[in-house]
Amino acid sequence: MRLLLLNPNTTGAVTERLLAAARQVAAPGTELLPATAPRGVPYIATRAEAVLGGAVALEMLAEAAEIDGAIIAAFGDPGLGGAREMFDFPVVGMAEAAMLTACMLGRRFSIVTFAQALEPWYREGVEWNGLAHRCASIRCLDGAFRSIADVQEEKEGLLVDLACRAVAEDGADAVILAGAPLAGLAGRVAARVPVPLVDGVQAAVKQLEALVSLRPRKAEAGSYRRPAPKESAGLPAALARRIGGG
Amino acid sequence: MRLLLLNPNTTGAVTERLLAAARQVAAPGTELLPATAPRGVPYIATRAEAVLGGAVALEMLAEAAEIDGAIIAAFGDPGLGGAREMFDFPVVGMAEAAMLTACMLGRRFSIVTFAQALEPWYREGVEWNGLAHRCASIRCLDGAFRSIADVQEEKEGLLVDLACRAVAEDGADAVILAGAPLAGLAGRVAARVPVPLVDGVQAAVKQLEALVSLRPRKAEAGSYRRPAPKESAGLPAALARRIGGG
Amino acid sequence: MRLLLLNPNTTGAVTERLLAAARQVAAPGTELLPATAPRGVPYIATRAEAVLGGAVALEMLAEAAEIDGAIIAAFGDPGLGGAREMFDFPVVGMAEAAMLTACMLGRRFSIVTFAQALEPWYREGVEWNGLAHRCASIRCLDGAFRSIADVQEEKEGLLVDLACRAVAEDGADAVILAGAPLAGLAGRVAARVPVPLVDGVQAAVKQLEALVSLRPRKAEAGSYRRPAPKESAGLPAALARRIGGG
Amino acid sequence: MRLLLLNPNTTGAVTERLLAAARQVAAPGTELLPATAPRGVPYIATRAEAVLGGAVALEMLAEAAEIDGAIIAAFGDPGLGGAREMFDFPVVGMAEAAMLTACMLGRRFSIVTFAQALEPWYREGVEWNGLAHRCASIRCLDGAFRSIADVQEEKEGLLVDLACRAVAEDGADAVILAGAPLAGLAGRVAARVPVPLVDGVQAAVKQLEALVSLRPRKAEAGSYRRPAPKESAGLPAALARRIGGG
Amino acid sequence: MRLLLLNPNTTGAVTERLLAAARQVAAPGTELLPATAPRGVPYIATRAEAVLGGAVALEMLAEAAEIDGAIIAAFGDPGLGGAREMFDFPVVGMAEAAMLTACMLGRRFSIVTFAQALEPWYREGVEWNGLAHRCASIRCLDGAFRSIADVQEEKEGLLVDLACRAVAEDGADAVILAGAPLAGLAGRVAARVPVPLVDGVQAAVKQLEALVSLRPRKAEAGSYRRPAPKESAGLPAALARRIGGG
Amino acid sequence: MRLLLLNPNTTGAVTERLLAAARQVAAPGTELLPATAPRGVPYIATRAEAVLGGAVALEMLAEAAEIDGAIIAAFGDPGLGGAREMFDFPVVGMAEAAMLTACMLGRRFSIVTFAQALEPWYREGVEWNGLAHRCASIRCLDGAFRSIADVQEEKEGLLVDLACRAVAEDGADAVILAGAPLAGLAGRVAARVPVPLVDGVQAAVKQLEALVSLRPRKAEAGSYRRPAPKESAGLPAALARRIGGG
């Protein structure tokens, strides 16, 4: 199966990280097609950036050709609901996939990440999924970092400590290492945290493979049915075509 | 005070409706500055369109000059959270303002609108505001309509009936007539529904006037603090400048 | 418009504070009519006192003549639901108005006040409004105070510290300085707390002006419809008349 | 043990009904002391009347001599929280006792009563107890009744039908026949409804006997600790004395 | 009335403790019939052990002869829901009874117990009862203990301290001393904790006496109706007979 | 990978159905090891039967040799929480897997099954997973069926109709065809329901494959850590050994 690995951030090095981590768990027949946002910000961290990133994600999905499914690979899942309406293939988000996977590994999970700026956006993601009661905490590192591409190495020890505190102080049964720039970290540090760790993009690959294998039909009713065709103005051609019913 | 009345839809006739309804309740010293989305769809009805409209709304806000506050005048409040982060003036959404106002008029409110397509997006708006327990129902008309500009006249009787059913069958204490195209309808039909009606844009004008009068400081902490400056690529100039710390 | 500013406490000096703070934000055409409870306690602080104060508030409302709206100016909103049933003009509560206003300034608000005794009553007010998920914390000062009339000056520094802790430790995006005796304090200390502060009576004035401007009809159905006329025994004359259908 | 059976309504005939139903289940050593409100309304049905009734209930409790516990015998439990603060003996409410008892008889209970006017007040009682998720429905008869004293005979068949509909249509596992005027009805019609029925005053007697037997200490901390002594003005002597620390 | 006091643990000494505490509060006409699990673990502490204990509890109930009601006397109430389906007499659980009783003594209760291992199971019990919003905290002692039979004496001081911390730090209005091995402790230490303490088995005895006195009918509809007869294989004879419709 | 497909019902024909449906979606390297409960009931339908089935499931898991993961293949997931504590390999439940999968296909899902008796148990499963807000409805057929092995053919048309009603009347975006006896039905009727259908055992296979691929470590902290070794009496040998620390 051909799966689009869509990074709505503009940093190609993060796409590389995502791809490498994804490949570690992808099934033999899975082909991963990476894509990096052509415009936007280096890494989405706020609600405003997520709105912009969501719009870009929809454009990128409209331009994707012959795929069986797509991963929106920023942890807050920008544009996910809209993508499910508009497209016929399954789409999963990294936050959603990580949280649902974590629900099978613990009664409550914590989300651990590398920057305070991410917390409000991540919290809205938990709420959007209706999983607030299963979220023990969202823990974010203080302080600046040098490079988004290498933040996971720079902060590795601090992130492990934070995960351990989420277990000891917040009652987490599982910990999600969240944020595209942390892709691949969970596997490296699993032995240093006493509960299961979840890697967002790896969870997303497996959940998307699961969905594609189950071959769910496209909804023709309900809230994810495709909207009726509509005119638009000033949108990128592929997106306008899709909105127009193409 | 100068208030931006930002219509994230591309239909100018809807902006006119919004402006006319807003003027009916604006205080003497309030100046309303209408603006219509330069790109997007004629009326936002789905999650996908809301993401696109939210991005446009942020661009329009970045381009606004010398305003004291802004109303995002589409009922699902596209881009509202992001707008609150990025800008120093108060911003209100039409859905939020209508719901908060309705909370002072009833224990539970219903939302009544003209098209089934709007329901999923409106429901997410209720949930985003944490008001699901105060929402008795969302009721939407079936069937097509001729013109988004005149849908409120075309469907007036059916909308009144639907509002009355929300009261009788769902236990609504107040009813919100939702959607920018219905601006001004509530005042015309108030006598035909046995509970208070709330007009979204009128509620938004009064709530924004209230906020501006109270002169809240811009947050320097918490989830609506302004994000740190960040580079971007490919975004409209004013928006890029604002994201960049300008 | 003529708005009753009803203090259900018996302390006239608190009414003065409320009036002064209210006037700072009232619109040009707004006339504020202060009234102080003729019986009860100097300041309501507990559930029991709130029941007594609620009964007095209903009596005072029944005696009010030719008003366009009323504010119940004790933070727990004693008698608010009952007032909405019985009277034809809009009535707002200080807690409700402050919380709804705070919802437009932050995802979560904290309530900060001057005495531990108030906490249980305030918490029930949050729950009655269905806003527990948007309340980050209720923080109350320990220790005695000298005079209810001057507690805001006596405790100013401690209250500012407590508000700052609510931001830093509880994640509040906005802080409500709660309790009638703190009326006017928010404006004085706004620069010392890094998020927007909400003053209860000021929020109430603006929310009531908003409601009066929107001219909602009196409910004839739903839970705030006027109860059927009923006999009573031993109640004050004006209240008995109103209950009797007058 | 001596238990005050406090009817906050002014109708003595309802007090008689309550007493008769209570005696059917009271333990051998239980002495029931009936009391009828000296002022107020014949039967409390609205939020406003509940506030007035709550104030009267506190007065009556302050005047009670040498009792081991008290039942506030109107279904919405007017004044219950305040009573728990102010007094040293256990106090139970009829709604609370019925709902907690119903929780041991079913996953979800319905509340069935004789007049639509009661619904908003009862619903707030369910919410105050935090039991909304265990409440399948509140069902109220339409239409007038002849006499509050005899409404249970007049409406017996309709109430049984309504209870049966709550089971069949709402999924109730148990049904509470609510409202002081229905005291004693449940026992008479138990065979005609296919799930357990709960009689409010009978549940209250047993719950109060349970509490008195368990001899819980008066709280000296927490939200039901006794408030600090306070001056008051214009309140009945016994109540003023109690508020004053007596 | 004859009440089965069913200990689903295999430790007879704990049954003795339960019986002694139960007798302190049982009404004059109450006969308590103790029973100890014939197989299983010395004390149930985990979800897995609770499943095993629940199965044994159902077997023991099927073998009970001529009883008016039963208490499942392990704090997580193993098998309670199933018991209510299968049997015609009332059955109460120790956790449920303690929590419902605590709801009449405080707005929020804490649960305090002697071993960390119990926390997940107890938390699921709170959630099963839908009382998470009324639970201030679950606090468990760290560290090993010498003997399950005497843990309450060994840990008395530490348990009192923990209860006091639940009041001071978590806002508990009442504290449940949870776990069958702590039966009887609450009465001994009541004066050392500033809020009411609830003893699980004592609460259960009083709640079961209340239910038996109220004589609720066996449900013939709803979720606690008796299941249709069914064949089974390999189950103990009495249980198989009951499942088979006997 | 070797996955135990554990049917806690005693009906071998249902195990065959489960296995056939599972094989349709299993990945190339997945080996499915079916097992049927040696004692219990032909199909678990009630809380009581689920307790018994949960105990049997734990015994069967204790006896399983050299597996990489296990599916508890009855829709209410009997014994799932306990299994996660006791064993080192991942365990998934059919209800949980179906619901989490459905969360990626819709905002709200409905559960459709063949017998009213299952509803209370399924509802508790939804609540245990904390997904009540994402469950639009649980719909069950009325009426008897001839054979548990062939109920899916016998009731096919009625089940399709019920699924369609869940979409049209309850707002389901996805529908779970629930219950082990319906394994494989979803694939056959997918074209006749306008939203995605989820087959419980197929979802479970994919979710378990996902977990095994992600190689989560066994928790050494949190609520799914392995309990300390404990003595037991009268339990099957393998289970006793596992409880004893083996």
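Should a chain be cited, it is by its letter among A, B, C, D, E and F, assigned in written order, with residues numbered from 1 in that chain.
Please note the rule applied: contacts are C-beta pairs under 8 Å (C-beta built on N, C-alpha and C of every residue); 3 or more make two chains touch, one makes a residue touch a chain.
If you're wondering where the values come from, they're calculated on a predicted model, not measured in any experiment.
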| request: Give me the rotation angle that lays the C-alpha atoms of chain E onto its copy chain F, rounded to the nearest 5 degrees. | output: 180
| task | Give the label of the chain whose average Cα location is farthest from that of chain B. | result | E
| Interface composition of copies chain A and chain F: same or different, split at half | same
| field | Geometric centre distance via CA averages, chain E-chain A, whole Å | value | 44
| Cα centroid separation between chain A and chain B, in whole Å? | 29
| field | Shared-contact residues (touching 2 or more other chains) in chain F | value | 81, 107, 120, 123, 133, 223-224
| remark: In their shared complex, chain E is touched by residues of chain D numbered 25, 27-28, 81, 90, 92, 96-97, 100-101, 103-108, 129-131, 133-134, 167-168, 171-174, 190-191, 194-199, 202-203, 206-207, 209-211, 213-214, 216-225
| query | What residues on chain D touch chain C, complex-wise? | reply | 10, 38-42, 45-52, 54-55, 58, 78-79, 81-83, 85-86, 117, 119-120, 123-124, 127-128, 223-224, 227-228, 230-235, 239, 243
